[in-house]
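These are the structures in question, set out in turn.
Each of the two complexes below includes subunit A, the first together with subunit B, the second together with subunit C.
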Partner chain A sequence: MKRKLFKGLKYLVLLVTSLLSLFPLLWMFVSATNTSVDILTGRLLPGSHLAENFRNLLAKADVGRALWNSLRNASVATIASLVVCSIAGYGFEVYHDKGKDFLMRILLLSMMIPFAAIMIPLFMMFGRADLLSTTTAFVLPTVSTAFLIFLFRQSARYFPKDIIEAARIEGMGELGIFFKMYVPIMRSTYATAAIITFMGAWNSYLWPLIIMQEPESITMPLLISNLIAGYVTDYGALMLAVAISVLPTIVIFLALQQNFAEGIISSMK
Partner chain B sequence: MKKSVSLLLVLIMVFAVGSNLVLAQTDEVTITVWCWDPAFNIYAMEEAAKIYKEIAPNVKINIVETPWDDVQTKLTTAVMAGQTGTLPDILLMQDNALTKNVTNFPGTFVDLTDSGIDFTQFADFKVAHTTVDGRNYAVPFDNGAAINALRLDILEEAGYTLDDFKDITWTEYIEMGKDILAKTGKPLLTNVADSPDQIMAMLQSAGVWMFDEDGDVFIAENDVLKEIVEIYVEMVKSGVLVQVNDWEQYISTINRGTAAGTINGCWIIGSIVGQADQKGLWGITNIPRLERAANASNYSNQGGSSWVVLSSSKQADVAIDFLAHTFAGSVELYETILPSSGALATYLPAGDSDVYNEPHEFFAGQRVYADITDFASKVPQISYGVYNYEARDAVGTAIAQILAGADMNSALQEAEETVKFLMGP
Partner chain C sequence: MERVLKLRRRQNIIGWGFVLPASLMIFIFYFYPIARAFVLSFQTGVGVNLKYAGLFNYQRLLADNLFKKSLGNVFIFLIIQVPIMLLLALVLASLLNDKNLRFRGFFRTAIFLPCATSLVSYAIIFRSMFALDGFVNAVLTNLSLISRPINWIGQPWTARIVVVIALTWRWTGYNMIFYLAGLQNIEPSIYEAAFIDGASGFDQFFRITIPMLKPIILLTTIMSTNGTLQLFDETMNLTNGGPANATLSVSQYIYRLSFQYSPRFGYAAAISFVIFALVAVLAFIQMRVGDTR
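And then the complex of A and B:
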């Protein structure tokens, strides 16, 4: 009886905390269907202004273009950094020696430098290379990050070395070992890394702000920032824009979440 | 042989004509502009482009929507990286930041003093904000003249009228505020906690700022500021002023009708009229004045922005000509943008136009635009200075400390030292 009560209490606490963390998200979706004044006066019920907000939003901003730009930039950034960082992390662990360990330490130190400190030199480099407003400029500075390399190096540490030896004896090349053996087994790590990178690229603001000079290269975070710039903010349209921009991340998270679980199960078989 | 020579000649002629055509096409000039509010300054810029199209059909105005904070980030990055080629020809700048940018980035902005633009046609206080070391750097744009907007129905409930609030002192304001609070349960004023906006508007109403004529910090010994702090603290303690957490909550107190009024730049009208249910229930008047301050007035300013021309622009002369024929020379432009955007200009000739003298339905038929234009002509002139934002933040922090119980003199002393530290030796 006591145990049951304790369990019930535990669920109650969990329920309350999950409600608390879900509430802002819920309010955002509800607010996307309400007018600006309704939102400011604290209306919590779904309204009938979704179509109107949608029309206002489309009149104010090119949402389609921003969505496409964000999707393209974030996808390219995710794929490129997964390839580069996983190879690097694998290399650091499998072919490891003192020199590479030292290099890894320097790499980790680079995580401590805030982006604002390297922003202006980076901007100068890309400006001189005539790469402003391009996907390349968006992606290049984040293709290789110390954090992802570290993540892949750590997971390579638990990759059975005997299999590598066996494959080498069987005559498989080093690239073959990486792509045919390491990559499939490490699916869960890839899923985690993909979620982290995609969300980072999708939400990134400061770098696209200064590097994407053309209005045609606007991304979703920049578009949302445009919506709150005026003397009067249309909160209905704003909430709708935020809701739209959150959807792809939710979809990708849920899709990879599935993969993530599968990866763990298959790697434990 | 002859054939090939004639063919060559024909080809040369075709190319010559073709390249002439190309030349004729490049005569088209594109002026890029950064500004941020689709309902207001972007809309105004679009209308200005239409007017200028009739004067110079070859000039195209390319507006890039960029929020102010982003304008500042991009401007700083480009100037520091020495890559001013990424900057536009014209950008809209917050008056609060103008002196800082002009001083910190010398040579980045075109000195417009001798450009032929007639600065005497703009409200004096506004020209003072856009002048650095006696030189004009911007074409003044929107009006931030302070208004005291009040809910007529709530005043009536407590036995007051809008006229009772005209040309009054803060003491009278607080007395009526206490009475209204007692009778209706509603505060007269709301303000975002830690936001120095209210204090700043009160300072400017007495023609005083946080820096003296030499640009030195003037906080700890500033008797006007001390009078303001005392008034502010009394308003909070008596409940006449209720502090809220953020801007959204502040707008909400207006739209929900939980406050009897608000004091802000006249642009707040845009948010007031958003609540259609309150049509006819609002009125505006001038703000209360200080009592001890020497140059106290019932007029002030809150916010506002102006157009600057970038020196890096390859067609700065066209950009200046464009501004001279539109924002600094066209009453028609201001007449067009007023009714739908509700945003007022500081271009004085526009104030005489019929559009500005129309009664406003939302404000019970009051001629609010004419009133505000009148207020704007009386706002005391001050210069915001290079370290304006630093000083605002420091004073904002000091107010929060004082409200929490700290001694006023030591809190202001601390604020002064903070600003001095940030200014460096």
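And then the complex of A and C:
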């Protein structure tokens, strides 16, 4: 009897928590199809005002441009990060010696540095280099991260060393071994790294807020954040904007949840 | 033999070629700026017209009530929100760590899903839900739980509560994933033995789960502390630091000093260096406390 009660309680707790986790997202998607008045009076059913909200949103903000900027910045960031960090991670493992091990330990210290502590010097650097409002400025500070280097170093640890030796005997160059042998085998590590980097860049807010000062360089998080300024909020249009920015990451998340979880967990190994 | 040595040397040089681009970038974009912030914290002036002023910025800091308030706010969040979230994540992970559980995949995905939402987006969702004329008040009024709408965002403590709720919503699943991974390393036979010995679920949680997960609990505590001390996106978009700076975070104060008022880079750098020191000191203390048994 007691066990049955416990079991029932267990399902109840999990069910309530799951619904609480899903509710704000469902509410946001539903609200994107309703008018401001309906949303505020607590309507929970999908409405027929999606097109109207869309028109209102486009009248207020350049969603197309923001989407394109976000997509371009996040893609460039992801590709650059993956190339730079995977080569380094592979190098730290395959050619490791005392010097490189020591360097790796130093690099890991960078994970302790809060972004707020370095944003002013970074802003001054990019201002002096006349790179404000550019993709370069958006991407460059986070191309190389100790976390990704570490992730690729750990995965290179499981890359069989015999393959490298065999390829060397065949006369393959070191870069060739990396690109033709390591990269194809480590596809799942690349997927993990890609999701984490893409989501981070797509969602990044504080750095673009400082650096992307021209209206033409606006990204999705900045656009949404701008919509709440002002006295009257059009909640329908606002929730539609949020939905547009969240939908891609939710789709990626649901499709590649396992990689995402692995990426998070690998940070503690 | 000489050929092999030559080959090794060549490979070693190529190895440095592999690791140097990434390493240099970390030095340029992390280590140089933190050193620069340190130097900057001894300078005063507006914009880029700076001159050395010794410890002036740090003295000013001690008398700055807004700085103290923002630091206090961050610690309020830290002390209230982090324990609630981590305990919740632990409980959920141990409930989910059951191979025979039905709908396990659904529960896991649902609780983990908030992690796919950007910080700005969820802050705005919660801001809308807790607006004075918003959804939460509408529901509470309809259920006759309250007679007048609560001005959630407009009063210091309710605003803080909303921030705590929002933070917990976004990050509980994230921490749960760590605990789930940790739980998979615990032998099920330990729980079976405890069950045979008559240990209740409650006992198992406090006597087995928590001690076994100690290193991971420590890790998540350090990560959450680090994250809370750097809080920015949420308070900026959920409450904009208000009302009356009751939810102003230190990062937001640094941002205001640097980019909203006439730029005081030197003073802002002094504050940011305090944050850096705090992160380091707290991580050190937590590691010390976590190691003792």
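Everything that follows uses one rule, which is that the second predicted complex is superposed on the first by the 229 of 269 C-alpha atoms of A that agree within 3 Å, B and C clash if a C-alpha of one lies under 4 Å from a C-alpha of the other, contacts with A are read in each partner's own complex, and residues count from 1 in each chain.
One rule holds for everything that comes next: a residue touches a chain if its C-beta (ideal position, glycine included) is under 8 Å from a C-beta of that chain, and two chains touch if they have at least 3 such contacts.
Remember, it's a predicted structure, so these values are computed and weren't measured experimentally.
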Tell me which partner A:141 touches in the superposition: subunit B (first), subunit C (second), both or neither.
-> second
Please indicate which partner A:129 is in contact with in the superposed arrangement: first for subunit B, second for subunit C, both, or neither.
-> neither
Residues of subunit A touched: more by subunit B or subunit C?
-> C
First (subunit B), second (subunit C), both or neither: which does A:202 touch?
-> second
Classify the contacts of A:60 with the two partner chains as first (subunit B alone), second (subunit C alone), both, or neither.
-> first
Given the touch rule stated above, what does A:120 touch, subunit B (first), subunit C (second), both, or neither?
-> both
Give one of first, second, both or neither to describe whether A:225 is in contact with subunit B, with subunit C, with both, or with none.
-> both
Could you look at A:215 and tell me whether it touches subunit B, subunit C, both or neither (first, second, both, neither)?
-> first
Determine, under the contact definition given at the top, whether A:245 touches first (subunit B), second (subunit C), both, or neither.
-> second
Mind working out whether A:41 is in touch with subunit B, subunit C, both or neither, as first, second, both or neither?
-> both
Where subunit B and subunit C land on the same part of subunit A: residues 40-42, 119-121, 123-124, 206, 209-210, 225, 228, 235
Residue numbers on subunit C that touch subunit A, as the complex places them = 11-12, 14-19, 21-23, 25-26, 29-34, 36-37, 40, 48, 91-92, 95-96, 102-103, 106-107, 109-122, 124-129, 131, 133-135, 138-139, 142, 169, 173-174, 177-178, 181, 201, 216, 219, 226, 229-230, 232-233, 236-237, 250-251, 254-255, 258-259, 265, 268-269, 272-273, 275-276, 279-280, 283
The subunit A residues in contact with subunit C across the complex are 6, 10-11, 13-15, 17-22, 24-25, 27-28, 31, 39-42, 84-85, 87-88, 90-92, 94-97, 100, 103, 107, 110, 112-125, 140-146, 149, 174-175, 178, 199, 202-203, 205-206, 209-210, 221, 224-225, 227-228, 233, 235, 238-239, 242, 245-246, 249-250, 252-254, 257, 260-261, 264-265, 268
Residue set of subunit A touching subunit B in the complex reads 36-37, 40-42, 60, 119-121, 123-124, 127, 132, 206, 209-210, 213, 215, 222, 225-226, 228-232, 235
Contacts from subunit B onto subunit A in the complex sit at residues 36-40, 64-70, 73-74, 77-78, 80-83, 85-86, 248, 251-252, 255-256, 267-268, 270-271, 274-276, 343
